[in-house]
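Multiple structures are listed underneath, in structure tokens.
Presented sequentially are two complexes of subunit A, the first with subunit B as partner and the second with subunit C.
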Partner chain A sequence: MGRSTRRLRAGTVRWIRWQERVVKVLFYSFLFITALPLIVGYLWLFSNSFSETLIYSLIPERLTLKNWSFLWRPPSPYYPSLWRTFGNTLVLALGMVVTVVGISTPAAYALSRMKFPGRFGLLAGTLILHSFPGITLLISLYYVLRTLGLLNNVIGVFLVKAGLMMPFAIWVMKGFFDSIPWDVECAALVDGATRFQTWYKVMLPQVKPGIGAVSVFAFLSGWSEYIYVITFVQDKRSWTLSSYVNSIIGDYRFLDYGLLAATGLFYMLPVLLFFLFAQKYLLRVSIGGTKGGR
Partner chain B sequence: MAQIRLVKLRKEFGRVVAVNDLSLEIRDGEFIALLGPSGCGKTTTLLMIAGIYRPTRGEIYFDDVLINEVPPKDRHIGLVFQSYALYPHMTVYQNIAFPLRLAKRPKREIDKKVREVASLTQIEELLDRMPSQLSGGQQQRVALCRALVKEPEVLLLDEPLSNLDARLRIETRAEIKRLQQELGITTILVTHDQVEAMTMAERIAVLHQGILQQYSPPNELYDNPRNLFVASFIGDPPMNLVRVSYEIKNGRPYLVAGELAIPLSSEWAQRIERTAEKEFILGIRPEDMELLLKEQIFAFPGKVILIEPLGSGVLAHICAGQVRFRVLVSREKQTWLGDRVWVQPKLEKLHLFLLDGQSIREFPNA
Partner chain C sequence: MVLVFYVVPAILTVTMALTNMDYRFQWNFIGLGNFRRMFNDFLLPGILRVTLLYVIGTLGIFNVTFGLILALVTTSVGERIGRFFRALWLLPRFTPPVVYGMIWLWILDPTKHGLLNSVRVAMGLRPVDWILNYPLGVIIIANGIIGASFGMLIFTAAIQSIPQELHWAARVDGAGLLQDIRYITLPQIRWPILFVTAYQTLSLLTSYEYILIITQGGPYFASTVWSLYAYKLCFGGYYAPYQFGYGSAMALILVGIGLIAAVTYWRVFRFRRMMAEPLIEV
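Now for the complex of A and B:
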């Protein structure tokens, strides 16, 4: 009897394993099918930029670097220098990082640790601002920037973008500050630190992951900005890569898909690299900044 | 070193009174404990002395200097938190050196002092580690080092042992006491653990609901609790407390609770009569009673209903009338479940409290 139950059990185990395998296969096929449009998109972009023609619009034929010539020579006199555009984009993205981190970090600390009149209102206000669609501000912001003389300038764009991103950044940073126990701060005060030294020497190093995450988000949001750039920046010398790519599509002439793919890929590359290195930080924020401090 | 004086210190959080007009004096170099259940205001008091909380009212003096408005960094205190509160991004060495670095001491001096204090607590070989790589006991030592390295005039310890395991707690207890005696720093220990307070402190201030209940040396606290709260809080196993009334039967004085009648000496009768009260709460510590097998003077009958072996002795639960007593019996003196016994309280060790909780020893002329 003992032997038969053992055999039965072995059979059940095999059956369960088989079931698990089937479930796994189904699961991955589902994920693959849903991801397919994205994968095909990337593939198209990649093969298109390196070939003269495509077979079934996917398989490259006759490899060439012709499409990448925009790197050293503008495709037509209409375009500004690529590297200048690249520089502008970098200024926009890094400007975002500096502004967002520079303001959200002390603001979040104050909101996390200090009691002051209007604290609750400020917290609620930032949340409302966060859910506010920025597009609706386009016209009024145009007027504001024109008055300030910041039209046709990436500085104007990153100030606007940073302002709109601030609520998100403050809430994320506040979560990180909230996760640091009071005791550590009190210990620093007793050890002889001023309030500012406590913030700078004890608190800031502990919210580094938060600063990292907010920086990455700010950089990506600045790098990929499109709508504010094409609205507020007409001057070609102040173009960013998104206006550059846009002009390839929007130009009244035959659309050069090879060029479009190459510039698109060039535009995307830093973001992809950034993502590879910053994944860790980004994940931490989406899990919830509250316990991410450790 | 410093002597500390608290005068009518009060702290309110909204409507809650956390510390209620606390007055306390701590002598230079003394080791005292603030003892009480959680929420009694002991940590609040400590944090006011540290300068982290601002008192609602009242004064704090260090050596007769009013320091209410002095920021924590200028009070010359060392503080050890329950959570240790080490700086997680710094090595042990950097943690300990932090107070000195802030004071802008020369590098060589910092190095010398850090190593000195590290050898005092035997953590020299941990200096390059990060706090996250340390055990609880090691972190605790680092926190102590960080508090001691700036040679504070006052050392404040907020439940420093409660995160350690039982054995380590006993070792660390002795070690902290040794360090305190060696360095002679005025020390305030906050704890909810009476054993910790009793073993380490020279005097203990018992707090309950923000009010000082008693401030005495450990033995005094144990032998002469001033009120019911102190009596019930101090002592493990706890004191037996019974509601009794004072009666004279056949010309002899008794304390009566239902069927139970405890005969009294004439000294006690006199003391009780002076209070002019009839109802009391009687307190007897488990070790202040003896179990006898036959009737004797001042003994009352009872039955053994439960035996708890404690290793060093036995805790016998005795039922007498409707009242249950815990009695500590030595191991040699065997008792068995169901035994009929006579319980003889040591009369000089009885505690009687008025119904409002006050001990009758505190009663005028008593």
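Now for the complex of A and C:
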């Protein structure tokens, strides 16, 4: 009796091991197969931008830099200078960073450290306001910008975007402030620092990762913005890369995939860099950043 | 600033919905005329259908189900490989929408130069105009691939916060990997699943960026969702541009649905608990 159970157990263990191995293999192949379209898509951007023709529209045949000539010469006289466009995009992205970080950090500190009646309401508000953005506000924002004379201006776009991002940014920053123990702040206050000094000299250095994360997010969301740019900016001198690539798609879609891929890749470059080197910030906002808020 | 760019526009939207404002930006109040017009809009039934299919399809297939599968699978395989694939799935979310749309336009190209069609041609079949034939499928898949990463991140965080002891106990009791997932992991992440469903429903209702780039809502109105229709009414060019009043009214309906959904979720699922879950910009 005792022996048979032992044998049975050994058999079960072996069966479980075997099952586990099969499941793992299945998991790996599942991951690979589902990710294949993604890999192919991004691979195409690379290979197509550097080659003249493609075999099976994916494998490069003759390498060339011709597709990248848009860097120094616009593809047609109709297009504005690429570097001007690039500059506009940079202004948009950096403007987002400065405004969002500049306002959300002190606001989050206030929300985190000072008692006030509407705190729960604000958290709930973020979720409710989430049903507002996009189209709902786009129309009236168009009106607001028109009244303020900020249409066709990158500044208008980043002010709007920063305003819309604010609840989210404040929420994330609050999470970071929450995770700092009160004792640290008390010690500073007891030592004679003012509330502002405490915030500036003691608290800020501690939430640096949070500031980094929010900055990266603000930068990327400004850099990639599409709808607001397309809608609010028609003047070619104020184009950003979004409008540039958009009209490249419109004009050269069936004619010159090489040009399409090259401009697309150029536009994506900063994103790729951030993705490779600042990934921990991106993930921290989504997971770690709010863990403090719990 | 939140006041100028958030609260004021919100109020303006409500007011504009009661006017028949057009490109001249005059405030002619017509009461509930815009809402009455909706009942006579022959395009609306179709758009409503597309919107429902789009939201339910994307949410059910990708944002929740596929996101969950990705989270489960990437946490079950090795740490490094799991992280690599999670990063890969996150990439589309951070790709500029135009570039992401461009990749799709190439994949779906109706001539033999597109990815799918070059495969068909290699197999001796004729090229197919994917967008023309499967507009709804296209927008669901294109949006779903981006949406899946949201669920994936939240579920992963939730799965990783389950105490390891529970898994060990299950293994000692003789559970395999699949049983471990079924009886330990899934019951532990019930709340995140509800949260993702609720949050993403609202996101999907108001998202139309990728649809605008890839199919432009076409052919005709076959992939135009409610929010895109409102956009087209105001900025859509040839069809009926600059109908700011009517567009606002359409948008307002969307806000109404969003608010009702938010309050319902709140009541039914005790949102107060979910509020503690991570929030990510979508």
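To be clear about the criterion, the second predicted complex is superposed on the first by the 250 of 294 C-alpha atoms of A that agree within 3 Å, B and C clash if a C-alpha of one lies under 4 Å from a C-alpha of the other, contacts with A are read in each partner's own complex, and residues count from 1 in each chain.
Convention: contacts are C-beta pairs under 8 Å (C-beta built on N, C-alpha and C of every residue); 3 or more make two chains touch, one makes a residue touch a chain.
Keep in mind that what you see is a predicted model, and the values were worked out from it rather than measured.
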Following the overlay on subunit A, give me a clash-or-fit verdict for subunit B and subunit C. fit
Partner chain in contact with A:186 - subunit B first, subunit C second, else both or neither: first
Name the contact category of A:194: first (subunit B only), second (subunit C only), both, or neither. first
Per-residue contact with subunit A, leading partner among subunit C and subunit B: C
Can you report the vertex angle at subunit A, computed from the C-alpha centres of the three chains with subunit B and subunit C as the arms, to the nearest 10 degrees? 100
Of the partners subunit B and subunit C, which touch A:202 in the superposed model: first, second, both, neither? first
First (subunit B), second (subunit C), both or neither touched by A:30: second
So, A:42: does it touch subunit B (first), subunit C (second), both, or neither? second
Quick one: smallest Cα-Cα gap between subunit B and subunit C in the superposed arrangement, Å? 24
Overlap of the subunit B and subunit C footprints on subunit A, listed as residue numbers: 294
Provide the residue numbers of subunit B that touch subunit A in the complex, in ascending order. 47, 50-52, 71-73, 75, 77-79, 81-89, 98-99, 102-103, 146, 150
What residues of subunit A sit close enough to touch subunit B in their complex? 181, 183-184, 186-194, 197, 202, 205-206, 208, 294
For the complex, which residues does subunit A have touching subunit C? 12, 16, 19-20, 23-24, 27-28, 30-31, 34-35, 37-42, 44-45, 56-58, 99, 103, 123-124, 126-144, 146, 159-160, 162-168, 171-172, 217, 220-221, 223-224, 226-227, 231, 241-242, 245-246, 249, 253-254, 257, 260-261, 264-265, 267-268, 271, 274-275, 279, 282-283, 285-287, 289-291, 293-294
In their shared complex, at which residues does subunit C touch subunit A? 1-2, 4-6, 8-10, 12-13, 16, 25, 66, 69-70, 73-74, 76-77, 81, 85, 87-92, 94-99, 101-107, 109, 111, 113-115, 118-119, 122, 145, 153, 156-157, 174, 176-178, 199, 202-203, 205-209, 212-213, 227-228, 230-231, 234-235, 244, 247-248, 251-252, 254-255, 257-259, 261-262, 266, 271, 275-281
